[in-house]
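Two complexes, one shared chain (chain A), two partners (chain B, chain C).
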Partner chain A sequence: MIENISYPGPSRSPMRRYMTWLCAVAVLFIGALRVQAEAADTEHQVKAAFLFNFAQFIDWPPSAFTNTNAPICIGILGADPFGESLDETVRDETIHGRTLVVRRSRKIEDLKDCQMIFVCRSEKKNLDEIFAAVKGKPVLTVGETEGFAERGGGINFYRDGNKVRFEINPAVTRQNGLRVSSELLSLGRIVKSETKGKSE
Partner chain B sequence: MHFPGIYFRNWFSCLLTVLLAASEFSALAQSSSKSSDLPNAESGPAIYKKMSLSELMALEITTASRVPEKLSQSPSAVQVITGEAVHRSGAMNLADALRLAPNLQVGQINSYGWVISSRGFNALFANKLLVMIDGRSVYTPLDAGVFWDAQNILLEDLDRIEVVSGPGGTLWGANAVNGVINIITKSAKETQGLYVSGGAGSLLRDFGAVRYGGSAGTNLFYRVYAQRFDRNAMDLQDGSRGADALNMSQGGFRMDYYPSEVNTLTLQGDFYGGDYNTRIPTNSTLDGQNILGRWTHTFSEESDLSVQMYADRTWRRDIGSTINDELTTYDLDFQHRFPLGSRQTILWGAGYRLMKDETPTTSFLGFVPEDRNMQLFSGFLQDEISLVPERWKFTIGTKLEHNDFSGFEVQPSVRLAWTPTERQTIWGAISRAVRSPSRIDADYHIPKTPPYFVGGGPDFDSEKVIAYELGYRVQPVQKLSLSLATFFNQYDDVYTVEPRNLVGGGFPFTIQNGLEGQSWGVELSGNYQPFERWRLRGGYTYFHKDLWNKPGHSFSDDNIATLGNDPEHQFVLQSMLDLPNHFQLDLTGRYVDSLPKPELASYFTFDVRLGWQYDEHIELAIVGQNLMQEHHLESPIGQEIPRSVFGSVTVRW
Partner chain C sequence: MSWLRDIPLKRKLTLVILLTCSSALLCACVVLGGYQMIDFRKNMKRDTVVLADVLAKNVRAALTFEDENAAHETLLALQSEPNVSGACLYDIDGNPFAEYSRSGETIQFPEKPEPDNTRFRDGHLRIFRPVNLNTKRVGTLYIQAELQGLHNRLILFIGIAILVLLASCLVAILVASRLRRPIVEPILGLTETAREIADRKDYSIRVPSQGRNEIGLLTDAFNQLLNSIEERNSALRGANAALLQEVTERKGAENRVIAQLARLEMLHRITRAIGERQDLQSIFQVVIRTLEEHLPIDFCCVCVYEPAANQLIVTSVGIRSEATAMELAMTEQVRVAIDQNGLSRCVRGNLVYEPDIVDSQFPFPQRLARGGLRALVAAPLLVESQVFGVLIAARRQPESFSSGECEFLRQLSEHVALAAHQSQLHMALQQAYDDLRQTQQAIMQQERLRALGQMASGIAHDINNAISPVALYTESLLETEPNLSQRAREYLTTIQSAIEDVSHTVARMREFYRQRETQLTLTPVQLNQMLNQVVDLSRARWSDMPQQRGININIKTELAENLPVVMGVESEIREALVNLIFNSVDAMPQGGTLTLRTRVSEPVPAGTPLVIVEVEDTGVGMDEDTRRRCLEPFFTTKGERGTGLGLAMVYGIIRRHGAEIEIDSVIGKGTTMRISFPAADLAKSNAAAVNTTFTVPTRLRVLVVDDDPLLIKSLRDILETDGHLVVTANGGQAGIEAFSAALERKEPFAVVLTDLGMPYVDGRQVAAAIKAASAWTPVILLTGWGQRLVAEGDVPPNVDRVLNKPPKLRDLREALAQVMPTLNS
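Here is the complex of A and B:
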């Protein structure tokens, strides 16, 4: 009773109409987005080409492959930023007679046969787990998270202004039995593993 | 009041739906990598994979991005019109360029007059918008509006126009109640060389512009320019010829000096003059000059400091109202940004402005006192806190201001932004902003000597708004960015003119704060580039407003209607298409819903531009504007805006 008298505005509350509108519009809006397929931005198209290049500058031990014809597998762990661009980059390419395949998963176990694993930003919190899972295995981990290489990753992308740069942790690649060409080492920034004991 | 639980239940379930949809979307974006388009043979990946590592490392990865990168994460209702979009639209003045912002309401009155606002209250005295050109405020304290005919720049040198709808009070200060328009020109370094352009047409009878940009040594750059145009009169609603033909001439310069890597000095100025053809007894005239200097010092990527000073004089003699106005402004501003700890960025600043306004008139009505000096002191402080790095950002700040009419004004705001993935941001904000009194609120008298019929606004206080905003920005694919902004505004102390002695009426009337109200709306905008050669941008705005008398006040409905005659729906779409053989075909369409009171029919119209780049130096263009009808009205008090056409030749050397 009182509520109707004290309310000086129009009888139907605009606030309420606003809310109804808001909800209807927002749901429509987001719904419309579902039809949009993901495409990669320029940055990740360039990074896809970097990954392809890395594969050419790294020698995996024979034990990394199930047989001599097995393809080189690039795994993408987490929320894929590449879209089609990585698939397009490696399509119809061979390195030392091996074709390349791209595999995606949210779980490291699904990618344990891969020779290279790109660790997406979405996995930032799980890095220690991931590094533990591939430790000593012939796998190159590549990331794009600050501190990735110091904490136990192989190669990490970083930005220098508008340019893409990368850093390498040779201790990690050596430990995993990978041979990294000196050309790659000379182009990247060398980093060392951070001393342990620093908690999250 | 309604029981809040009802809102909350609906509200909560709505929010939940939205969040679910959003997270589902981001999950979908991750898993679905099936693009519908077949890879173009020479698309990015195909090119990059042929490059060596060192070539890849030399690539600049922000290609002249058409979607400004940061925009997809900006937690406010900001929209950007680039200089390129303005050029391709065929717009030849700032007001027409502002039509490209879907969150602005632009109505042309005649050849020299426009009413422009954001979030409603569009009227002859639209007064809730702050407009700046290169950091120089151009709204007038005379009526808190903008004389759009006096605001011209060489559009060739326009970098971008940022349009913030919603309160910008915390950072920008008074008058930024419903929006801020920030017009930014390119630096002198970016405008080197010769530019000559000229043309003629039906409404825009003739125009010409010349600019030269040069350098002295490696760290001093300058440009000088001059331009002129003549615009024909428009017909009145009864079919007779209007007395509104306008011509303007303007010149100016800008100098950017980089004494070292961390210091930038800018000096720029303009002067202009022109008249509108009122004829009887003489033409109305306007002119002005301004000069601005700015020093910016960069300490680091997160920290800088800038000091800015300007002086601005603007003068007009309006024959229709017989009011002359000469306003001289001196302004000093200081701003400093620095990080505090690893998670906070502090932005603070202070400013002082002196405005000398003289309004001699022969009319029986006018401003009392005729001349007034006004001082404005301001300071602001804002803290941007990264709650969870790259995910949750909280911004809190306030502006404190002192003006001669309403004293101290506090304009705080809080803003929270959540960036669940790199490409989407959900944000919300609550802000308070004020529209401080202008001379037309405080000093307006009919007649100029007692006894008064209208006796100014001796007790007029600021108009206030509390704005609640919620928005969503997303860039689902590189080629598409979308922004949704919604708002709910609560106004208090809105302008009225009523008998001073409220009980029983009688004279004099005074200007008071008799209204309160609410408005709400939705602003949707987007940029889409389906192909390299084809760009689309545009948006839709829904707006609704209710104003009513506060207890003891009785401003009539007809009078309330004069405070803002706003369309409910509005739509803009701009298409820019690059054709083979260096042709460009550009289309801009717009729809504006009917105006409620006084009534005015809705309209749809469009502009077309056909450009041809003969070589890198010479460009020819033909532009048709408002092509849909022979003529249309954009304001009940306006003149007929005709269909028009012009051609231009441009040389860039």
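Here is the complex of A and C:
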């Protein structure tokens, strides 16, 4: 899985004289980066698997799909942290007869007909807009930002030691017409929406 | 089922019911228990699978989101299930994810999940179930459950089953005790009746009827059976009684036959035993002993009948009867008078049986009864219908002789009598045979002696002829020549004496073979004188011969004074005495004393006194048998040395002299022979002596016929000396011719002297011829056999006088005087 992950590295300079030297430094540097990147990657791989799993424990209303065979669409809003891993996870998987597709976009408008939208950290400032856009729609929002769920998100990842955990705001999901399985509820931390005044 | 056989019917029935109930219940319980077990396990499996599935559903989210805590908490819900001891959750890669163990237990879970299954293993229920999420497997759940519940349940079930079994058995016993009664009681009644019948043998008992079921039929059949048994029983009893009687009779008959056979066997044995014996005594002993032992009887004896004295002599008494016989004074040789009772009938030839003699009136049975004897059988011993003895058998038990035994005794007595008779005949025959043999031997001996005697006789004849001239001339010389010198006369006397001795010796030799009594010319014999002579004569034998062997025999004479003379033949008495002395010497091989004694016995009234001669020795003596037989001819104790004739001859001589002989002998002490002669009547002997005077005729014409010229010459000389005219003829024929010629010349001979033994014509023929020619002419026969002729009564016809050779002058003269009486007168 590690080999399959490709990172965008620094560009390679053409200067041959310094090439070997640079290479060694680069290797050391890159090595350090890779360790960091790997940790980040492992976390997101888990999160990718969790995303798929969430789809399995949540029932969308039929109105969420255009037809009965329409795929479940996972939208990634902002800077995609998963790379290939999410695509790998959902490839060839079906849930209740529906295939899964991943859509990436910077704009919430592009992702309005997705059943699940992962909101990246990059969109931390736009949360209220996002929540407003999907409010009342059968869309599950998943974030990895602190206070995401309290502020109106459906499910939010957080870290507990080196483990990935999640919290759920059942009021939001209910408000969006989603039915969350009790098993999921029993696993996640239940949070409540903040008052309106505090939301930012 | 053999153990069931001896159990009483009541208990058997109860047992059968109980066993049936129990086995049915047991089967039910086992089936039910088995079903329960299987059902329990199935349920348990199903429940646990359901539990596992529910649990799998509950943990799938936790597994999906890798929430161990959540998973563990979910598994903790199993605490409410007591059977489940542990559970383990494995993720999709097979790694254990969460575990649960019931508190207090440590369970070793499998490291990797096995394929999905549900099975009982090692006393546990082990279940592997998949954990699925949306038809996709996400892990495996393993649950391990204990079978404790199953065991508890099983124990409970078994307890209940036992209780139920006990309860049902109790109920079954109660029910059975009520229900078996109609079955068991009639059968028990039947059994009781059967036992009673068997015990009392009373077949009249009947079983009361039991209704119309099978038992009723059984009792009816039993009763019918009893009826027929009763009938047959009575018939059988009758037959049995008849049979028993018959068996008893046959047994008796068989016993009698056996006893008879035994007696026959005994009879046979006795017969054989007595057949082997010859003497009466041992025959009787065998019979008595066998009877005592095998019949058996208490007293047995055999008596011999003496018709003359009309009494019985007890001859043999049995060994066992000995004591009783002593008591009864019936030992051997005792005489028993024949009384009027049984014994007289018995000696008339009848078998007498007295069943009980205790009250008998007669002496003989009373005598036996005193000895404790009660039953008596007296069997006669008959030979040719003559009773010669009686067999007496008695027992202490009264009436104890059966008719068979009486018959047996009768038959036995016949056999015994026959055997006894035969034995007597045999003994008589033996006696006759012995006598015959003895006679034969005597005759043979006599024949030998006769042959010897004939030879001796011939010798004697020749000697007599030879010495006749000597005797005649000697006598004539002594008589007719008074001028002979003293010396010549002495010599002639000696010659005469010697001739006389020779003549006597020859005469004795002739006597030796002679058996018939000689015509004794008894002369008075002075025994004292003769004893002295005999001592001298036998000196060689008692003195010289023993001394050669170093033995000394003393001879003593004790002679009575004034011993009367006895009449006898001197030479014979001498011979007898010599013989006695020889015997005494032979009886003293170690030496001893021989005493010769004479004495006169005490005067016997109305009889002549006896002159006794004793010859006594101190020799070996004789035993009784020898003493009795020593006088028999040919009896000798000297073996080949003796002829057995010595004492016989002595005895003959003594008897001829009318004397007696006694022999006293003690073995080792000696023998005394005592001869008693009757003393001579002197008057008679004097009368005899008168006859010796006679007148001698002279001048007779005498014809002397002889074949011996010497004798002719001597006779002529002697006769011519006496003054006779003598014509001699040599031989018989010449004599007859001479006599005839003289008769024709009218010069007949007055007397003829002729020899007896001559060749061709002997003395007898001469005498006959002379008598034929001139009947009145006396013939005197001269013979060397003279004494024998006289002794045998063989004085031939036509002979007037016989003279012995050698003739004595005196005898010749006497004979001439005797035959010529007419001339004398």
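Quick note on the criterion: the second predicted complex is superposed on the first by the 158 of 200 C-alpha atoms of A that agree within 3 Å, B and C clash if a C-alpha of one lies under 4 Å from a C-alpha of the other, contacts with A are read in each partner's own complex, and residues count from 1 in each chain.
FYI, contacts are C-beta pairs under 8 Å (C-beta built on N, C-alpha and C of every residue); 3 or more make two chains touch, one makes a residue touch a chain.
Here the structure is a predicted model, which is why all the values come from computation and not from measurement.
In the superposition on chain A, A:S181 makes contact with chain C only, not with chain B.
Contacts of A:I190 after superposition: neither chain B nor chain C is touched. Taking chain A as the reference, the larger set of touched residues comes from B, when chain B and chain C are compared. Of the two partner chains placed by the overlay, only chain C lies in contact with A:H96; chain B stays clear of it. Once the two complexes are overlaid on the shared chain, A:A132 sits clear of chain B and of chain C alike. Looking at the shared chain after the overlay, A:F50 reaches both chain B and chain C. On chain A, the surface patch touched by chain B in one complex and by chain C in the other comprises residues 50, 53, 57, 163, 183-184, 187. For chain A in complex with chain B, the residues that touch the partner chain are 3, 6-10, 13-23, 25-27, 29-31, 33-34, 36-43, 45-46, 48-50, 52-53, 57, 78-90, 93, 104, 121-122, 162-165, 183-184, 187. Chain A meets chain C in the complex at residues 50, 53, 56-57, 95-96, 163, 166, 181, 183-184, 186-187.
Contact residues on chain C toward chain A in their complex (touch as defined above): 58, 60-62, 64-67, 70, 133-134. Across the complex, chain B meets chain A through its residues 1-3, 6-7, 10-11, 14, 17-18, 21-22, 24-26, 28-36, 39, 43-46, 48-49, 51-54, 56-63, 421-422, 470, 472, 474, 476-480, 482, 484, 486, 488, 516-520, 522, 524, 542, 544, 546, 548, 550-551.
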